[in-house]
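Below, chain A partners chain B and then partners chain C, in two separate complexes.
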Partner chain A sequence: MVVAIGFEGSANKLGIGIVKDGEILSNCRRTYITPPGEGFMPRETAQHHRQNILQLLKESLEKSGLRPEDIDVICYTKGPGMGAPLAMVAVVARTVAQLWNKPLLGVNHCIGHRFARVLKISNDPSPGYNIEQLAKKGNKYLQLPYCVKGMDVSFSGILTYMEERTNSLLKAGYTAEDLCFSLQETVFAMLVETTERALAHCNSDEVLIVGGVGCNIRLQEMMGQMCAERGAKLFATDERFCIDNGVMIAHTGAEMFKAGMKLPWIYSSITQRYRTDEVEAAWRDD
Partner chain B sequence: MSQLNEKSIELEIPFQTSRIAEVVYDVLRVDKEPKRGGVAKVLSLTGNILTVKFSAQLTRQLRVSVNGFLEKLDLTLETVQLFGPPVSESYSHY
Partner chain C sequence: MEGFELIRQGAEAKLYKGLYLGKPTLAKERFRKKYRHENLDLFLTKERMKAENRAIVRCKAFGLRTPAIYLVDFNRRIIFMEYFEHNIVLKDFIEISPVEVLTRLAVNIGETLGKMHESNIIHGDLTSSNMLLVNKNDVDSFDNLDDLSLVLIDFGLAYVESSAEDKGVDLYVLERALSSTHSTADRMFPKILEGYQSYCPSEFKEVFNKYEEVRARGRKRTMVG
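Right after this comes the complex of A and B.
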């Protein structure tokens, strides 16, 4: 039986979760919400995490009903993400590991995408959610740059394209709803294309959608259609586990811990760039 | 730039116990200075006193580095106050 606590703070969400053998005992989160049209910057985000983390840790422990001595392993997001917020969270994870004398594991966070500056869409609860709501009302498709190179997708061209033309497009009869709709259709098509290729490459028949964008019903729909066509299974979930959270870090850490993985103390730093394929998945045998 | 222009700041921070000093030392020594920050930071521990020496060519570089360090120090100490004291005399993991 493994009890793991996970600290996540690679972006604007701060999450601390506790799991016991796959069962979630607590999953607490605070989100740093910026004004419309503004993204979150490292400094302010780190400040947000700094101000909330100790209270959130207390809350997470209380909710779980556990005492520190019941915990087997402390897990934190090592990267990828913004340096300053990651570092703040890692400091607290290292401190409690020392105070409670528990092993410490750094977990790879993986993939974050954000958008929605140009249209000044509210960041509350999240830009992606609001884009989805607007997109439901759009139907006039505007062709946007579609950029897939092998297994890589690039969204940067879309942002520039939109930034340059948003005002004139709005005048030309496209509504904000239409632009959101076009954005979703284009970006998700890129994701579905690469996912389908990944399935073929790896000879896999399962797809799991995660991340804040993973809550998007349209993405789940498009992915589901592709999966149905090739006889694959799609797994999707709702915002509790899609959006960055502490539980995902705790759970991954618990698997690593069970597999006997160890992190030498001097390597318990953070790294802004941390590729998914740098991780050795010692907890899997397939 | 020659070594002559180098400036340095040394901080001496005493703690209640040497174990707490050791915890803070271990937590803070892990993060390296950014490569292009131009600052060298050396931490050392003697009993209950943590010593940190920062050296750089520019005062601005020193200020940024010392500030960042003090912020992390504060967070570590606040964590110790809320979730301490340390349960063991030494850390028994890797």
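Right after this comes the complex of A and C.
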């Protein structure tokens, strides 16, 4: 039985979760919300995390009903992400690991996350969520730049295209809702198409959507249709697990811990770039 | 699709095998993708069918082996093309072949890509799934590399472009596809570059520099610090 606590703060969400053998005991989160039309900057984000992390840690422990001595392993996000928030969260993880005298593990985190800035869409709760709500009301499709290169997508061009034309399009009878709708249809079609390419290339029949954008119902619906057309299975989930959270770090860390992985103190670093395929998956045997 | 049987569902099309004017034929149907907006789907399907045909015709003109096009039917969204009876997909060949064979084959792949780029054809989706090895003697044997010829397929994302940038991206896409699929990729890819260089030494330098540039600005690369 492994009890793991996970610290996640690679972007504007700060999450601390505790898991016990796959069972979630707590999953607490604070989000740093910026003013409409602005993104989050490393320094301010780190500051937000710094101001909230101790309170959140307390909350997470209380919710789980555990005491520090019940915990077996401390897990934190090693990367990828923004340097300052990552470093800030890692410092706290290292400190509690020493205070409680527990082993420490660095975990790889993977995320993908702008148009909201042009239309000055609210960042509360998240710009993507608000685009989704607006897009539901749009129906006039505007053709936008569409660019896939092999299994990669290129969004460069879309933002410029929209930025240059937003005002004239709004005057020409397209509503902000229509633009959100067209943007979502185009970008998601690219994501679904490249996913399908990857499925065909790898002879796989399973798709898992995660990340903040993964909560988008339209993306899940499109991905689901693609999967249905080729007899594949889609795994999608809701905001508790899609959005950055501490539980995913705790759970991954617990698997690593069970597999006997150890992280020497001097290697408890962070890295802004950390590819998913650089991780040795010692906890799996397939 | 009378007389045609479904053999596979690829990334963007259903593939059927049958006879067309007495010849073994592959029918590639870019069926309607319900997940995307109807206008976008129609636009993309037409673009890709045109791209595929243009690139294949251009390849033929420059002496590169690709399936021959028999008929293009925009209304039914189908291209009828040559079917190779005795073929193995490169991806499967890589998995069953020793490294010595693969490095030798890689040089050959590099030469073919050099020739394709020299003709200003950008493939757009180079992977080990989009190359076939076809037995020249019409038998199902893939042991002897000298009996096999390399055939490029799936030109749906292809276009004509002379810039070193696009050629560099093409190579980068291939490198990424190989390294995420095959453990032998790090042995093969340098040999591919070697073959490319030997085929077009004059152009290679610029393309290679661009490739390195693209590689350096790619988002998902390794960086320490």
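Rule of thumb we're sticking to: the second predicted complex is superposed on the first by the 284 of 286 C-alpha atoms of A that agree within 3 Å, B and C clash if a C-alpha of one lies under 4 Å from a C-alpha of the other, contacts with A are read in each partner's own complex, and residues count from 1 in each chain.
We adopt the following convention: a contact is a pair of C-beta atoms (placed from the backbone, for glycine too) under 8 Å apart; a residue touches a chain by one contact, two chains touch by 3 or more.
Not measured: the values here are computed from a predicted model.
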Clash-or-fit label for the pair chain B, chain C on chain A: fit
Partner chain(s) touched by A:Leu263 [first = chain B, second = chain C, both, neither]: first
Contacts of A:Arg50 with chain B and chain C, given as first, second, both or neither: first
Chain B versus chain C as contact partner of A:Arg94, first or second or both or neither: first
Touched partner set for A:Leu14, first chain B, second chain C, both or neither: neither
Touched partner set for A:Thr186, first chain B, second chain C, both or neither: second
First, second, both or neither for A:Ala200, with chain B first and chain C second: second
Contacts of A:Met226 with chain B and chain C, given as first, second, both or neither: second
Closest approach of chain C to chain B (Cα atoms, Å): 7
Contact residues of chain A, present in both the chain B and the chain C interface: none
Touching residues (chain side chain C, partner chain A) in the complex: 9-12, 31, 33-37, 39-40, 43-44, 91, 124-127, 129, 157, 169, 173-174, 176-177, 180-181, 220-225
List of chain A residues in touch with chain B within their complex: 50, 53-54, 57-58, 68-69, 87-88, 90-92, 94-104, 262-266, 268-270
Contact footprint of chain A on chain B as seen in their complex: 23, 26-32, 71-72, 75-76, 78-80, 82-88, 91-94
Chain A to chain C touching residues, read off their complex: 141, 143, 146, 148-152, 185-186, 189, 192-193, 196-197, 199-202, 221-226, 229-230, 271-273, 275, 277-278
